[in-house]
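Below is one structure, written out as structure tokens; comments come after it.
Read from first to last, the chains carry the letters A, B, C and D; within each, the first residue is number 1.
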């Protein structure tokens, strides 16, 4: 767990999302599915973000501006500094044989990095609108479903599913592919086990998603 | 001296943060295990954060068996925060902890924002705890507990060795779209910047009424904030909400505190202790050690 | 409906501001004239302001003789805030005002931050005031008065027609150089942004426990803040600290409130009344008129 | 009493002070010695400032950056907007025969405008350092005393004194020239009689400086 003020290298629009690239400093990129806490200027609490892209010099985050924190992050400009803590939590297990990435909406955020590390496996991605679907361009070998079509219609049998997306999607995936790995979300204040704010029911018990997740076996959740 | 605020750090998931502290304060332990409240448990507002964690903890037995031994390995002084629903609960918890040599002090959480404690029951709880242990006893109060200066006097008279000030105050946040409460419990405890002037006042007033050693907390984000609490009467500062955005806060605030104190001409931050009281000595119920 | 908060506007020095209100609330009037506290009486902090005005006012006799007739000329509904040091004081003040046809309502200031009022005495004061006048009676409470939901119930049972929530909470500011208190009285009442989530919670809880009409206040700076108070259970909003930086706030917030409500699909802001309570109806001690 | 968001036309250093010029909008300049409430960006409360200079197009304020509010005001940049309320309070009576302006430190702020309106009468000004004394250049016909010399040593008999400066200076002036007009200071939250924060003892009573002052007859105070 390291914390550093990283410099914004650039911010690029991707449909309604923004890809915020930061100069990497000395932070590790971690395992795909792990996350970082980014401190939006002017807000009290940092916000959890999955690592989207890692190069030798940059870490990039794909951000959906849905509230005050994410809006402040996508309004960062080149040269500004932003405090970043991470990598945090448990990422995806990468010892899978026939990976299939299944994502919905901003849930595609961790996939560019994940896809790279898994050798560009096939991906199926669902979006609300074709505007949102522009983010699919960041993920190699992706097949896209735009509502009313659902991403679960594109699921392929006999694959090791690694999924990220809204809760109803994850629940559907868990039913259809009970051995998949799912990346969950919860509001988080700290990201490192300090606040107990991120509790979710895991195996009937309330557990901290930031230390026990965010990636969980479908069977555990 | 810098501590964490109870419930704002887990020394087992973040030992490197805990090691920067002068003592580690546990999350409040209750007699029975508690899962805590349903999500959503936290919300950010423009002036602080709300939480309704609901005292999630493994209960005293499992705490002694599983948690305490691992905390002991950190070789840090351990303060255990305890909470219950009757004076007997508190006495029981204190009896348990009295048997644990690794525990340096017990903090009585008398101020969970969802349970208002009248003066009478603070006195009763502290007295029961005092009977049950010879460990250092700190009474943790909220500025929303009515007249905190008088509550502090009641705690002092009942045998508290010190005070922890302040706990959160009840707050509410509504979803901007639906106008429904963000937290599952509707209201929750407000912490962070909004508490800063309130905490300063509580420390000031309680030092005046009791002269007891005080752990000051509430919105501390910088060395300057810590120094102000010390000037108001705190001898120790605890960090809560700031740890969530800055796990390096203990080290940073410690050096800022020294620098701030030096800039004002103090060799040591504690030389500014109670300075805000000027010549008015606190009623000498007990003096700071 | 938008009012000013007591002590935050003088309709005689700023009639054009008062005319933008639905009713004007006076600064708290006491039985005897009071010069108020020595300067310094105000301080700005990072999350709100502190005041220790000390209820400066001309006293009830001179208020009736000199002030009220001039206020009457504004042709605005007048609410008079009253404060005292015993139930008899309040009863006396109410008897005086009962004779003044121009007075629409009386607000009982039960929560000056330097005088904590236990539940018992709130009930006693409200009952005495109720005896003394048939005017509408609003009990003004602070979120620091212990369990504000229970205090509100006590006020309701004693005959209050409504609640004014919230008054200030005790805070302290220290001079950054000398570390001495900025205010002459050391501590003072904290108002402004820091109160916002606290006020929302107090309104929410007291609406739940009493169902009484509530004047909500505490850090309101925008129409959105006002709408949130309404959703928590307020039927009227009062503006305090914001008036100091923006005397045009009443008109501005009124139109923002309408716009915000419309953006969320409400024809009228009051259609969002108590929305935060969902289906949970408040204990129907009394229903909103 | 009017309030308007005025645009910053420029900020100029004058020794340790800054002269902040605002496009005038539709605000009146009022009587010299009256003041305006300026809202520093990021602060809760506005700050009282005497009008220093008035032209047809601009209102200018001379500001000593002594705390968070005044620092935020001198850091304003051209083009920014700042909320201004005024003119407020009672200024100097201008029906004087042999005016002498007596100022200390930032107390010279109202004198450029006052001097203009009185036909450039003589002025005696005291400053802590020669750096601070640079502000004297804004006041016509000024004689300057720098500490340890005191401005009261420059007082001239048989003049109608109009003074502004730190409290000890005003007290000394009141003793030496009991019929002078003195401009006082007090912390103010509102500037228009709403808060009762600006109380000062006037004739033994606590009165609101913002409505009963800030200029008072020496005998009254």
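Assume contacts are C-beta pairs under 8 Å (C-beta built on N, C-alpha and C of every residue); 3 or more make two chains touch, one makes a residue touch a chain.
Everything quoted here is computed from the prediction, not taken from an experiment.
Steps from chain A to chain D, minimised over paths through touching chains, total 3.
In this assembly, the C-alpha centroid of chain A lies 47 Å from the C-alpha centroid of chain C.
Centre-to-centre, using mean CA coordinates, chain B is 31 Å away from chain C.
Between the Cα centres of chain A and chain B there is a gap of 35 Å. Within chain B, contacts with two or more other chains are made by residues 48, 193. Among the residues of chain A, none is found touching two or more other chains. In terms of which chains touch, the assembly is arranged as an unbranched chain of neighbours.
Chain pairs that touch one another are A-B, B-C, C-D. Residue ranges on chain C touching chain D, taken from their complex, read 7-10, 12-14, 16-17, 27, 35-36, 38-44, 48-49, 51, 53, 56, 192-193, 241, 243-248. Against chain B, the residues of chain C that register as touching in their complex are 45-48, 50, 116, 118, 143-147, 150, 169-174, 176-177, 179-181, 186-187, 190, 193-198, 200-202, 204-205, 219, 224, 227-228, 231-232, 264, 272, 275-276, 278.
For chain A in complex with chain B, the residues that touch the partner chain are 1, 3, 37, 39, 43-46, 68-69, 83, 85, 186-190, 192-200, 205-206, 211.
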